[in-house]
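Have a look at these structures, which come just after this line.
Okay, so subunit A shows up in both of these, paired with subunit B first and subunit C after.
Then we have the complex of A and B:
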């Protein structure tokens, strides 16, 4: 014991550890209630829908904007493509480390498919099941990398007000003080006053955060010590949009956000999985064989309603697929944000491990369920009766 | 005022929604431990299936959490 304590290196390490602990407890939002909180940044505004990074262009079917979850999806695809190309180029009889890792994972899944669906159908289901697994794992694990959700552009007060259905809000900082605009400002103020109640109910609870304004680069990040500078919309109006030298108010719109925190992403994977499940059902059992499970007149009215119930439960499967993945990943991101807010530096570490685990388990569950549904869809109901 | 009641609603949504899955995960784990005690050789398989079943049970709590988040932040 004394040997360890006597070593100057271990003393230095333990001093650093204690310092980090003290800083994170007193510097975070917990310490803020005690009057410290020098290290706390404001909790990022949590948004359910994906946020827009760049204004897109109009297409015949609607406006296309570049969303932050979309960028992450592309990154995940890029990673998978690059890794698969690397492995393909270096394929050897005696596998290297990377190849061995993927061989182990693939063999595990192939044997799982054979166990559940049988040898013949396993080869048919395997590509989709495994693709779903590795894509969701890649997308989920990307979400815990540093930079996700913390670096982005600033959305100004007008854009935030627009999101909260207050379309007639005008940013006082952007209104120039020429005579004409003063008049229009006065007019707007009058109309604002008239519907003060509606205005407040939308924006009353919304907090604006303050960021350092780098004039040349349009990038912002949550900065330590910005918790004290939060302000509401009415305070912002009172200050006339002037929050300090070289600073801007608004919300952070991260450039990168975990792909499955977008409901569209998990819905898309769920739809692909269920469409393929029914495609396999039709192609293995034939049209009437598969459709007969859902609409059947053979076994009387009870059989008919059981079929209708099956049809509804198919829809339920899509919904539960979507929300299981989305909910787990979104809740994880919120948890990470909240812990980084409460206890900066150390609070987040155990939860990063938890998120890695949850990301893997959810991907595995998604793939497994696709496999189970596929093997259920490819088995005829009447097998026992006729053969 | 409206915001206060919404906060209470969000708390109730996740609080009540976590009761069922909590009991469920407890029952799952206790049965898995029992099975492990009876047949220690099947440990790996029991553990794998237990984690899978826990993921399903936990998903219900996650639905409640999503509802709570929607109430609070949207």
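Then we have the complex of A and C:
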């Protein structure tokens, strides 16, 4: 004990540890209730849909915007493609470490496919199953990296209001530039009192955060010590949009957000998986062989009804695929944010490990279910009856 | 759907992204790596078969060697017994020869000794006769015929000798 205390290095380390602990406990949102909270940042605005980074263009099916989850999807793709190119370039009989890692995982999935789907079908199912697995793993694990969800651009009050369906809200900070518009604004306020109240109830619970405005760099981050700097829309209106020198109010729109926290992504994978499952069903059993499972007149009205139930359960699979993945990863992100908010610095450490584990498990579950559904779809129902 | 963040353009973007990833990974990663795995599996199977074959081969040659060894051993045994027999015979012959020689030597020596003894006895007898004659001459002091005496003594001694023999 005296040895440890005598060593200046261990003294320094213990002082740092204690300091971190003190900052974490008293500086965070927990400490804020005790009157400290100097290190806490605001809890970021949590929303289900992905956030828009850049305005896009109109397409026949709707407006396409660049979303932060698209960026992370492409990043994950880029990582996987670069890694595979590296592996491919250095492909050897006696594998290096990277190749060995991929070989081990691939062997694992190949043997899994062979066990579940049989030898000749395994080679057919394997590429999709494995792609699902490594893409989801890569995307989930990337989402745990620092910078995800904490660095982004600032969305101003108007954009936020539009998001909450208050389409005629105008940012006073932008309108006050001309005297005339200010008057018209006042008039507007007066004439549509009732409607304005309605908007306030819409926006009443929405809090704006105050960020430092780096005019030239369109980047912001949740900074420590900004917990106090929150205001509601009505407070913002009272201040006429003036929140302080060199500061802006709004919400942080992170540039990077874990790809699977966007339902579009998990739904896309689920759709591809189920489409491929039924494609394999049709191609292995023939059109009538596979369609007969869902629409059958052979075994009377009960058989027909069972077929309809099967059809519904296929739809249910898509939905459960989508929401299982989305729910787990989204909840993880929220958990990490909440822990960073409550106990900054140390709070998220155990949960980072948990999120890595959850990300792996969810990827495995998705891939395994795809495999199981594929092998079920490629087995004829009639076969089962005859045996 | 909008509240959940599901929108068609976003969905289509993600589907296309995933399909692109799927195609690229299939081409770049799975095909070569699975081929490599298969190739290695084949190689290992071939290696195992070869090892099995080599093991059989080894067992067979081991057997052959064992048989040869057995043969050589019995051959050696035979040679050894033969050599031993030859040696025995040789020794017996030698022994017999030596014995014969020794016998001859001994008989020769014995006959020599006999002869020596006979000669010595003759000498002694002669001496004794002379002594007796001289003594008798001295006793009797007569000049008896020396030759008559000698014949007499000779006759006594001969009688004595024949009795001894």
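One rule holds for everything that comes next: the second predicted complex is superposed on the first by the 372 of 387 C-alpha atoms of A that agree within 3 Å, B and C clash if a C-alpha of one lies under 4 Å from a C-alpha of the other, contacts with A are read in each partner's own complex, and residues count from 1 in each chain.
Criterion: a residue touches a chain if its C-beta (ideal position, glycine included) is under 8 Å from a C-beta of that chain, and two chains touch if they have at least 3 such contacts.
Treat the numbers as computed from the prediction; the structure is a model and nothing was measured.
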Of the two partner chains, subunit B (first) and subunit C (second), which one does A:328 touch, if any: first, second, both, or neither? first
Touching partner for A:64 - first (subunit B), second (subunit C), both, neither: second
Is A:24 contacted by the first partner subunit B, the second partner subunit C, both or neither? neither
Give the label of whichever partner, subunit B or subunit C, reaches more residues of subunit A. C
Would you sort A:50 into first (subunit B), second (subunit C), both or neither based on which partner it touches? second
Touch test for A:361: subunit B only (first), subunit C only (second), both, or neither? first
Could you tell me if A:320 is touching subunit B, subunit C, both of them or neither one (first, second, both, neither)? first
Under the contact rule defined above, give the subunit A residues that sit at the interface with subunit B and also at the interface with subunit C. 47-48
Residue ranges of subunit A touching subunit C (in the complex, touch as defined): 47-50, 56, 59, 61-65, 67, 70, 73-74, 77, 80-81, 84-85, 87-88, 91, 93, 99, 102-103, 106-107, 110, 123, 126-128, 130-131, 134-135, 262-265, 267-269, 271-272
Within their complex, state which residues of subunit C touch subunit A. 2-15, 17-22, 24-26, 28-30, 32-34, 36-37, 40
Going by the contact rule at the top, pick out the subunit B residues touching subunit A in the complex. 2-3, 51-52, 55-56, 58-59, 62-63, 65-66, 69-70, 73-74
Note: in the complex, subunit A contacts subunit B through residues 46-48, 201, 204-205, 320, 323-324, 326-328, 330-331, 334, 361-362, 364-365, 368
